[in-house]
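Report on the following structure.
To keep things simple, chains are lettered A, B, C, D, E, F and G as they appear, and every chain counts its residues starting from 1.
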Amino acid sequence: MFEIIAGILLISGGFFVLVASVGILRLPDILMRMHASTKAGTLGAGLILLAVAFTYGEIGIISRAVATIIFILMTAPVAAHAIGRAAYKSGFKFWKGTVVDDLKTYYERSGTPGHEDGELPKED
Amino acid sequence: MDTILPILAGTIFATGIYLLLRRSLILTIIGIILISNSVNLALFSLGRLSTENPPLIKAGSLEPLAPFANPLPQALILTAIVIGFGLLAFALALAYRSYRELGTVDQDELLKDAEDTSAAIVPKNDFKDGGDV
Amino acid sequence: MKSLILHTATRLMIGVLVLFSLFLFFRGHDEPGGGFIGGLVGAGAFTLYAIAFGTEATRKVLRIHPITLIAYGLLSLVVSGLIPMFMAEPFLTGKWLFIEWGAFDTKLSTPLLFDIGVYLCVVGFIVTVIFSLEEE
Amino acid sequence: MDFFSLAISIVYVLLSLSLLVSLVRVIIGPSLADRVVALDLIAFVVISLIATYAISSGHPVYLDVAIVLALVAFLGTIAFARFIIMRAEKLRKEGTHV
Amino acid sequence: MKIFLFHIILALIWTAVTATFSFGNLLIGLILGYLVLIVVEPAIDKNHYTRRVWKGITLILFFLKELVVSSVRVAIDVMRPGFHMKSGVVDIPLTVTSDLEITILANMISLTPGTLSLEVSEDKKELFIHAMYIDEGVEHVRENIKNGMERHIMEVTRGVQVRD
Amino acid sequence: MLTVIALIFIVALVSPWIHKLFGNKSGWVLALLPFGSFLYLASWLPHITAGNVVQQSTPWVSMALFQVDLAFYLDGLSLMFGLIITGIGTFIVLYGSGYLSGDAYLSRFYCAVLLFMGSMLGVVLADNLISIFVFWELTSFTSFILIGFSHEQENSRKAALKALLVTGIGGLALLAGLVLMGFASGHWEVSALLNEGDIIRNHPHYLAILILVLAGAFTKSAQFPFSFWLPGAMAAPTPVSAYLHSATMVKAGVYLLARMNPVLGSTETWLILVGGFGLLTLLVSAWLALSFTDMKQILAYSTVMALGTMIMLIGLGTEMAMKGLAVYILSHAMYKGALFMVAGAVDHEAGTRDVLKLGGLRPLMPISFAAAALAAISMAGIPPLYGFIAKEIVYEAALEAPLWPVLVITLAVIANIAIVAASAIVVIRPFLGKKVETPKKAHEAPLTMWIGPLILAVLGVLFGVLPFLVDRSLMIPVASSVFGAPMDFYLSLWHGFNLPLVLSLLTLTGGILVYLVWDRLRESAPMKVYQSGFAMGPINGYEGLLAGLLGLAGWQTRTIQNGLMSNYLITILVTMLVAVGYTFITRSGLVWNHSFENMLLQEWALSIAILTSLGIILAFRNSRLTMVIGAGVVGFSLALIYLMHGAADLAMTQVLVETLTVILVVLVLIHVPKLIEVRSTTSRIRDAVVAVGAGVLMTLLILAVTAVPFDAFISEYYAEASYPLAHGRNIVNVILVDFRALDTMGEVVVVAIAGLAVYALIKMKRFGSPDDPETEGAAPDGTASKQGKSS
Amino acid sequence: MNGLLVLPVAIPLITATLALLFRKSSQLQRWIGVLGMVALLGAVLVLFRDVHNDGIQVLQLGNWAAPFGITLVADMLAMLMLGISAIMGVIIGIYSIFDIDRERERFGYYPLLHILIMGVNGSFLTGDIFNLYVWFEVMLIASFTLLALGNSKNQLQGALKYVFINLFSSLIFLFGVALLYGMTGTLNMADLAVRLPQVENTGLVTTVAMIFLVSFGIKSAIFPLFFWLPASYHTPPVAISAIFGGLLTKVGVYALIRVFTLLFTDASVHNDYLHHILLWVGGFTMVIGVLGAASHMEFRKILSFHIVSQIGYMIMGLAFNTAMGLMGAIFYVLHNILAKSNLFLISGIAQRLLGTFELKKMGGLYKHYPFLAVLFLISAFALAGFPPLSGFWAKLSLVKAGLSLELYVITGVAILVGLLTLFSMTKIWLTAFWGTVPEEVPGHFGKLPLFGAGKLYILVIPVMIIAGMIILVGLNAQPFLELCMTAAEQLLDTSVYIEAVLGPQ
């Protein structure tokens, strides 16, 4: 039983990780891509870690797997926030489906240097 | 895996060497990082590979489960990694400071052998009061 | 970096990182971990803090100059090596003291002292480097 | 081959694919942030691979490596973010921003 | 008081990761937690560490639901050819005030697919998020967050008395 | 004898203090040292005359494979040289005290000249081959200091260097020759070798030994074409040149050949090489003497001529030649010493040594004149002076030359004609004739400066008139020593009417005629050509060689030491590839017995990921951060590979270090602007070829080594001992903190120092003086450095 | 087992640690520095007595029997190297008091110096090839830092080359260690000496030997791998130049001697082939180095190129592979450390007097500072191999060794290079010492006494001590030659070493 649950967790975890990578490959702008990477990546890795917990079923391993998941949940959004904000501030072109940008208004209002439309700077 | 690892090691080494010879010190440093990795990998595969048990002794037993992976190369590589990290930090700081003092990270520009070295080396020592002593 | 989210998350994270680094450090003799690994994770905490809040703030958190940390690390390495010499055994021979206090089963040893030295040096090293590069 | 072994094989396939697909984003970029996002994801793939290996090898001890990676991988990302912001500020100051 | 809680949490994390749930180990965890607190104490903002555990569990369940549901949505969109959604950066007026609350909210937003926290305004009154799906309008996005995530968090962080 | 030499050295070293103590009288005090030594040596004279030798030996280094004794050997030859060295040395010390009176460097002169004397005495007294070389080198060194005495003049320094290099190279050749001689015979003592001449002469290395020894002797004794350093060395103050070039240093070569004659001589090669060089030298230099007007230059070339004569005599090797050699050496030392000292006195008093600017000094400097006249007459070989006897015997020896006697005697006479003229020039021109205004107002030199020349000149008369004073007691032992067998002869002024006498007359007449036409001869075109050919030729050769050497040095330094690190690296890499690759292919051979059969999917994926990342790194060389990301992926993949082979600690470390590396690189890159790669396609291709070669070599080496059977016995021991003995369950950690804790200690020290280093590199103020334009950190493009500082 | 064997490593570490702890106080650091060096010298002397009386001394660290733990081994060669290292330590310790400024002291000069000595000593003592790698790295990081400490333009330029080339060489070394381990499964050098001959593919062992030749060759600056040395050694403060020029390169030579006498022997490699290569390398190194010296006009650059040239002699002695040759090489190493360091130290005094290292701007030292001139002459002519100074015996034994092997060409080259050495030494003498006083000199030139006010004597006394040693070794060569011969004989008979480490075989 546990094996079957673990197997399902594994496969769905792997699936979400793959979705994340396909997402960052396919999605049209950097912020869109980050949605795929942060969420699907977290979910995928989390599921696989859960699979580890289910496979072994020992308290020590479960607690470690859960700890890992907690750590991921703690760190991933911070990283996503940091890189998303950096990408935004350094300027890039939104994809065509973008309908609103309140942050731009806010930055202009507060005089903070922020997003200007345009390509991200060339690589460094 | 015991054929691909030497090939990987060689490829990483080659890439590292190529970067080592670039003009930018930063590329040189990345080259050193890669070479260091390749040598570690070489050491790893030279300790013979095993996909078996880790060299850990489970509670209750006195020896690791055989067959176990060769722990010695692991320890050696660990040592080498940490040493390499220390040296890398130094190299980075050196490149950085050189850039600050010399204004470029271009080897060809800044590594021309220095000629008169006298003035810059020794601080002016005032002999009257015994200088710095 | 000026970001409320990062700042708040960092305050939480460094506790976790330091704790986890101690965990890795203490169990290192029996399971993966040890002085380096623990030290590297511990240093990660201060790295994060330095990136988020800058070095001045981190210095206040750390309170001890990282070079001094390195010095203490070296000192404990030396001491762990010298202890067996006072027992007429070669430098760096492992000496063990098993303490059994019911609930605790603690082993104190020169390899542990040695590993503490490793830990301190690694933390001191990385913090020094981060401080130096960040402050510029 | 039972379901569990099959699941492990499948997950290796999926993760291997993810690894390579993520690398494609590293290659095509176009911006540094895109590549950093890809690297961040690769860290997740690696965590997943390690966890899977902790299952398939029968040695849960490898999970510890995943914990360590989960704890520190984001540090690199944050450093990159810092780089991107500082570079943008610098370019803005010099007025060469495009 | 609040630091004491943090202390307990650290000790518990210790026992969790060492995987030895014994009194001795908890004690070691407390001692180590104490050491950690000595180390990190100046870094800790002392005002924001109360929490309600059972509210927390509710929050977690709510969060997990959100995570799975919207992950599936993202997955579908990723796999489907072409992109038909509308997206943008939306400002969310904040009711939560403390740094910790804001951070937890922002992180949860980031973790749930479809939304990503980008910035908090200087006065901490607005949160700017990138939303993948604003097909139903900006206000809908704001409502979802305020009534879902933010409310749950406030229930945890502020306890019973804040509920209205 | 060791005591004497040691005493000389010690007194030499303390002479500055003695000088301080005695002030003006220091010359007299210090002269006691050579004079005492002279008396000591003279005290052995009866013993030597009786046909005995003296041997003393103190072991210096005494090991199975390495035996060097401070052995001394006193026979006729060494005794005569010793007496000359100490005797004339006595006068030189006195003379120097007058000549350099008041000079700030007088004490340094004492020191150097006494050191030189000790060394010279060592050369002639030493018995051990190695100790001969030791003293030989010491004479080179001390003469270097002496020749460069007037060091603030450029030509003095040049002359000193010239002398040092020429005699130095000879000395080194001599060392090789002596060592070979020792190996060939198994003896390291000259006294022992004297009886083993046949062994050496029949040894396959004979020619090599001979050439090496001759190289030493010829350079020291200024044989043509190595003679050029000697006239240049006249830049030294006169006491120095008088001593070095009349009595001592240049005669070291003569001494050496004379000493070696019984060992190396009496072969045809010896005859041709030694005799030939001597003959060539005496002919060339005699006439060169006439092309100069500086008294010391004239005397210098006449000295070279005399040395040539001595060498030629040694080469001839006959009994008559040996007899001639003995007499000639003694007479030359006396008259040349006297003449040099007088020349110095003239220079000292009148302010110039140019004979064209001198004249009529006789009334002003009567004693000097007397000494000069007597010495010059001796040099010209006019009876009744000792020089006459010497020349007579030389002619006789020439007539008896074993090979081409007619040629030898003809050349000898031609050369001596020039010497007669030279003798006349150095006395008649300065002292006789019309009084000429000199730069300084001339008057007689002080006692210290004329007593030496006068005594030497008078001795020339004394020995000439009464040759028995020295013949039995000294000349016969000397000649016997050189000949290698007992000899017996009498010397007399009058030999009867014979061919040598006729030739002497011919020489004298010719000499006078040449003297009369000297002014025209000197200015004539052939003489100019002759001078530039034979005097300047070797000098130009030397200077050309030196310039060539420096040119070569400069060229090679510019070429290979061009300051470009990438060139240094590529040189190192190519060396490594060639050295290791060639050895591998030729000595070991390739080993290939591997397959990819049992590779798992995820391993393929990791491999592809690594290769792709390497591709990214190479392709994005102009985007450093992308490269860093690529390197990060490589690092993570390696961590996975480690993990999949049972290395959990390693994987953890790799992950952590990789992450921190990325952070550090990024933190640095924030401040450092990027550099667009600009290298030529050629050099890129070259680099790529080298890189690929290195990579292939690494792969093949690993594969070859992994084909060797492996015994993991150490790790098996660790597995057994880890828990029971080291109380640890993580074997890797136990290795790190216990089994191989010293490694870890070193490694931690590396890390600790790296921390300190980075701290110092970033935080430390830069050194540099404010007047150094470079110190403002000016960047080639200005902006770059500003960028760095602004962030 | 001899527990004291760890002291040459432990004492500098303790000293460095203390100096680091008290890094705020210059005064305290200086005292700690000098006392640490003196203590080291004392310990080395005690060990020297043990090795001299009882033969090779061994310490199994951590009490783990060889080849499982790390073994420290002191044979005569190691002892001689340790001895000279300790002596140089004391000398440099004293010299540094005046030569090193407060700023450098504040940033860890003393800890760095002692760690450098620790690395050097560890390299001499270790009996484990991987441990040797670690010591090399310890040495490297300390030397990197000392070289760059001060951050002047020239220092940084020199350091960059030094650092990157040496980093590369270390990695090659590590690769070589890995290959050795892969062939034999062991790292202990005595055990390697036992096991390498058992590897069937002798050619493969020979190939690995070439890797070591390249790696150590870079460290010891042999042709054509030496470029980094003359590009960097003239840039740091003189005390550092001296210890680099004197001691540091010789560690590479030591390592070459060690591996080519212990590991890569007739039994394990194609040794004729290797020694043939070594011979060529030695010859080229001598010539190229000395030509480099001939073409420069900077005091310390000349000295730096000479280092290269003289490494050639040592390599040649090693290539001879006879007792005489090795003895010569070892003696040469010891003598060269003395003479070369002293010349560097003298260059520092000259620079302080004249304000420059450029020979063209120097002069008048003989006139105004005859005592300094004498000290220079002693060192310079010792370097050129003049009797009765120390260098003479080195030259003589190498010449004897070469001629007894009938290797005339290389011996001839060695002899000629000696002359060129003399030439470039006289270049310094003729300009800086005999040359006229340049027009622009610092105001104190000629007025500042070597002894007394100005405290130059702190720099002069170390120079005097070394000069005295050069003379002493020259005049009383026997005991030193005997020690070198003992060392050479121990090197040639590996069984003694093996037995000392591994026990009776």
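The working rule: contacts are C-beta pairs under 8 Å (C-beta built on N, C-alpha and C of every residue); 3 or more make two chains touch, one makes a residue touch a chain.
A quick note: this is a predicted structure, and the numbers were derived from the prediction, not measured.
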Maximum centroid distance from chain B, chain identifier (CA atoms): F
Most distant chain from chain D by Cα centroid: F
Between the pairs B-C and B-F, the one where more C-beta pairs touch: B-F
For chain C paired with chain D, centre-to-centre distance based on mean C-alpha positions, whole Å: 27
Separation of mean Cα positions, chain E and chain A [Å, integer]: 15
Rounded Å distance between chain F and chain G, as computed from the means of their C-alpha atoms: 25
Mean-CA-position distance for chain F and chain D (Å): 68
Residue list for chain E, restricted to those that touch at least two other chains: 13, 17, 106-107, 117, 119
Chain B residues counted as touching two or more neighbouring chains: 20, 42, 46-48, 51, 53-54, 56-57, 72, 76, 78-79, 82-83, 86-87, 89-90, 92-97, 101-102, 107, 111-113, 119-123
Contacts with 2+ other chains: residues of chain F: 561, 563, 565, 569, 600, 623-626, 644, 648-649, 652-653, 656-657, 659-660, 663-664, 667-669, 671, 674, 698, 702, 705-706, 710, 712, 714, 718, 729-730, 732, 736, 738, 740-745, 747-751, 753-759, 761-763, 766-768, 774-775, 791
Chain G - residues contacting chain C, complex: 1, 3, 6, 10, 13-14, 16-17, 20-21, 23, 59-63, 108
For the chain G and chain B complex, residues of the former touching the latter: 97-103, 130, 133-134, 137, 140-141, 144-145, 148, 150-161, 163-164, 167-168, 170-171, 174-175, 177-179, 181-182, 230-231, 234-238, 298, 300, 348, 351-352, 355-358, 444, 448, 453-456, 458
Chain B to chain D touching residues, read off their complex: 51, 53-54, 56
Complex contacts: residues of chain D adjacent to chain C: 61, 64-65, 67-68, 71-72, 75, 78-79, 81-82, 85
Chain G to chain F touching residues, read off their complex: 13, 20, 61-62, 64, 67-70, 101, 103-104, 107-108, 111-112, 115, 118-119, 122, 126, 130-131, 134-135, 137-138, 141-142, 144-145, 148-153, 155, 160-161, 164-165, 168-169, 172, 175, 179, 182-187, 199-204, 206-208, 210-211, 213-214, 218, 224-225, 227-228, 230-231, 270, 273, 277, 288, 291-296, 323-324, 327, 366-367, 370, 381, 386-388, 392-393, 396-397, 399-400, 403-404, 408, 411-412, 415-416, 418-420, 422-423, 426, 430, 433-436, 477-478, 481-482, 485
